[in-house]
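Multiple structures are listed underneath, in structure tokens.
Consider the two complexes below, in which chain A is the common component and chain B and chain C are the respective partners.
Let's turn to the complex of A and B:
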């Protein structure tokens, strides 16, 4: 397909649909974070506000969960990355048959459902705790420890996969060359293999941190009575949500965007420096622009603008607007009440009138009098407001209603 | 005996039931350029890894400078190995690569750089120290690998087919270069190759290996002109092998009954043959001569199949009674009559042909 056959229009339309599908929810979520309505929504737009960020930060349970999640995440990175590296190194050193068997064993935790891992972690450590006679205050019944243990079982396998992929491209003669040139095995590992693996260490750390941070299935069991960020969020959503979650989304999106932009700046810069096109390029050839697009500079600029926006946001006071909205709401309520009173009054008057002359217009039929006189007459039970339809006799058992 | 001597004392290397090196027993003298020549899979790389310390011999001993190297790791041996793929460290600059052996020995940064620059001067690549390895050409990388190995200040330099990845021109250039470097630094070079041209041009001595066995050790002249086995005769250089049975031997002169009629050759290495022994008579294509008539010693008539022009030489493919022969003539600058398809009389000097006992030929 090409432009002549209308492919351009279709492709553009498809891309538009695709991107709105991808980013639509995110955009809506971001907008709801700044609406003062107490339910996350865009319409009706009430007031621009930044109070939901304050509500978010003021939520102790969520902040506590966040701290727990960060702690567990860092712990998981520190444990899983070395374990994954060791596993990958062992796998790449052994014979093909043993390798296949061990690979299956090491990869199994990824295939087991997280729920099963969570439950088995509690059961295992609980049994172990009972075995050594530990009490409930001990580490075997500590939610943080159990979560760390449970997550490490399968997240270290992720790290191992990352390292395996990188190790496959490693030329083992490099290590041999290092040994031959007089390096001890430790030196060969530190100076040759580790620098080669450093990008993989970075991605493994990132991946394992994210996997730990966003994990719910396993954590919801292993955290026991405690809570992490995800478990708090989940319970919060279950009990009804407010726009502070949208505010959280805004923060997460902002962090992701900053990370992505700094990373992109770094990639482009190293690419330009590596292939030597830096001198010719408009950006990297210009000394000022060259400094500006340095990843650190990009980072500083982004953080600066975010801090500025945050400060401005914290100074913003939506109370006047909110008061106005509240007043408007009250006025509207008053108006509605008044209208209702009028309507009831009119109905009562009309009811008085129907007794003398039938009027189709006044019919209370659900079909709006479409069937005219064919509609059955409402049963006349005006005297009993009982919800039981006067089943217990009129006025005797029914509570007094004033 | 110097520290640069190597003795392989009845070395055998086995992997399970497979014998990679079978009872190698030889001495390599200090300062010698020694080549192991053989087809791929003949065990020459295994031998080299055994000398450098990456594997231990199953039987026998490896002695370097008179010391048994058993249990001494590759980082503790006075050897430096240049790998087939060079194994330069891609994440380091050229200078860092060369200075790596000094770095792991705890030499300071300044001294390392100084030494790296000295070595770069020696390999005639001054000023490339800050470049990355991938920015260098194949020949430059080759020389950097040598410089890095020399930075170890080894007694013995081991080279595992280091020229095989280069193009022909560069390969020929690097042969001379390697030989020059070796003579300048005065180290023992052990060179592994399957390219007989490399082995013949550079080496002081060559060991020809086949299926784990060292078939012959000698200087290039001896290997080429006086091969001791049918394998060596057929592997080193182009040759014509004619099968036959011995009918008589007088002194060194052996008469064979061949499909081309009775032919005379020299018994290599003073061997004695009995009438009826199955033998080969080997004659190099350049020793085969065109004759005007079929009369005379060692002369016979063949059919010319086709002629090929190789630039410096002309190659004539001949066939007679099921024996295929090749004959080379130096290009004199004049186009000779096209012989393809005609009957051609050929002959050779018995002293230039050698008779060897029947055994497996190279590539057969």
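Let's turn to the complex of A and C:
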């Protein structure tokens, strides 16, 4: 490491801090998925449970939104990858002046706020629909179509950037050689350029699908009265939450990690095979290890262990522990109530003692004051989360629990 | 026209007629029907009254400045301090988030490009990307778990006795700023990384041999190379932060709106699309104006964005 220019201990420490900022919130969210407390939290820990996954799967609206999102995502991939490819090809052939102008036009959708894109999409297609005299049931007022249009607008630009990066490394003499050898232009395109671009097509498809699936800002306007996975999720989070969303995060993170590991195994393997170091390396030289680190095998192992964990989790029953926690809470509430009663009784006696001889009219207010000050509040003590905790717990509406 | 014609012929000779037609059609459709016309339609819409459907296109459907006037003057004709204030606050907060992101991401990008090697570098790249495959809403939700009144930080803080009553991080907008900073880190790291990676290591060593201190090396050698990357990242982070909707809805305080939330309200709660469009146009113009101004100040061109 190069000391003094950012290497060494400081760099390591900073990286550590940075990645704990990156992963900390996610890890905590994952842990809350297994806490039986009805508001997602770690402290106080109640019971280990897997019931939130069942709650998640049972949410029809979310599952319906998931279907919509998958449909839109596939549509966006099918439209925006070709458009992005066309944009990249057009840019790569242009003169510098024209290129700069077109580049500015095509890149702006990335910079325009998603909200603005969504609004402009519904306004434009609505106006077009009115122009041709279509009614509200037509495609111009269809949430799915509008979402496709709105998302393709900027997601195509992502795809275009991927293709541009790949095209920069393309050697145009290859196409010229093919043409000289008698290939038709179309053949040269299919046999030379497209195969060269195929890795970029893969990553563009992945990127566009992810961007479409995740998008909220544009979709929340263009989907109109319908819902996608992300919009359902957002409305759920805004209107109070329960740990089933954490369970969802667990699933998404698991998928992500599996994907990342398989991809890593794949790149390492193909790299080792390509540069010929496979035979010499310890892992790829050993026949057993070689099979184990094959991407498919890695995938199978991961899926196997996840299914095993899922099965184990589905067999796990948290009801005993939950009953225990509930009993504890009840006991605590009883105890608090009892203390309350004692206090009130004591105050009553004290009030009765002082009031002997004074006007009787004053006594109701004295009682009122005593009750007002000692109103039973077992629910709000932070240490005893109650069944009502959920109602009070959701962020913005939360009262100051003092 | 001639330029287009010659270009089309160039494509035809190089890739074939079918491909040339496809490129021409796709780019035309994208640039016109998806990018240009919708923006123009929105601009047109923002100058109209909010009429019932039957009256649209009728004699009362005329252009007006009413929607824009409302932004500045409100209902009573005075100064609309609320809405203008929200726009101003949104911009300031977006700048703030952008600056924090630059400060966090520049060291990481530099470490990634020049200090980390082999496995560590690969792991860092994966570690950077993986959190951003998780849904934006869920990332905001994670911050809500952290910062809520009964959240993790309050829980621990009260447990070990740092403070007695829960601190309202949500009302104080701390949750929102952290969430926004988190949300767009990736968009800042990679442009800076791409720029810094191009730097020749020998330049750093030469500067060090000449006796430059570490901050001087960064200030005079690394930063000038990183500048286009920082500008590109800052532009994207600023625009996305100013245009963010999910994070303010989830993490924002109840009395503390983001400008996009105002637009959302005009559309979904007041059903006044015209005024919503006007507000969207205002947001777009102000953001673009601000970014162009900043690009002038730091002398970068838009062609460098997204590289």
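The criterion applied here is as follows: the second predicted complex is superposed on the first by the 335 of 402 C-alpha atoms of A that agree within 3 Å, B and C clash if a C-alpha of one lies under 4 Å from a C-alpha of the other, contacts with A are read in each partner's own complex, and residues count from 1 in each chain.
What we mean here is this: a contact is a pair of C-beta atoms (placed from the backbone, for glycine too) under 8 Å apart; a residue touches a chain by one contact, two chains touch by 3 or more.
These numbers come from a predicted model, not from an experiment.
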Clash or fit (per the criteria above) of chain B with chain C on chain A: fit
Contacts of A:177 with chain B and chain C, given as first, second, both or neither: first
Chain B versus chain C as contact partner of A:308, first or second or both or neither: neither
First, second, both or neither for A:152, with chain B first and chain C second: second
Chain A residues touched by each partner, larger count belonging to chain B or chain C: C
Partner chain in contact with A:195 - chain B first, chain C second, else both or neither: first
Minimal inter-chain CA distance - chain C and chain B, angstrom: 9
Chain C-contacting residues of chain A that also contact chain B: 179, 184, 187
Chain C - residues contacting chain A, complex: 3, 7, 10-19, 22-23, 25-27, 29-31, 34-42, 44-45, 56-57, 104, 107-108, 110-111, 114-116, 122, 124, 126-131, 133-146, 148-152, 155-156, 158-159, 165-166, 168, 170, 182, 185, 204-205, 208, 214, 217-218, 222, 235-236, 239-240, 242-246, 249-250, 253-254, 260, 263-264, 267, 273, 276-277, 280-281, 283-284, 287-288, 291, 302-303, 305-306
Partner chain A, residues of chain B touching it in the complex: 52-54, 73-75, 79-81, 83, 85, 87, 89, 91, 100-101, 103-105, 148-149, 151-152
Chain B partner contacts - residues on chain A that touch it in the complex: 171, 173-174, 176-184, 187, 191-192, 195-196
Residues on chain A engaged by chain C in the complex (per definition of touch): 1-2, 4-7, 11, 14-15, 18-19, 21-23, 25-26, 28-29, 32, 39-44, 82-83, 86-87, 89-90, 93-94, 98, 100, 102-117, 119-125, 127, 130, 149, 152-153, 156-157, 161, 175, 179, 184-189, 193, 210, 213-214, 216-217, 220-221, 230, 233-234, 237-238, 241, 245-246, 248-249, 252-253, 256-257, 259-260, 264, 382, 385, 389, 393-396, 398-402
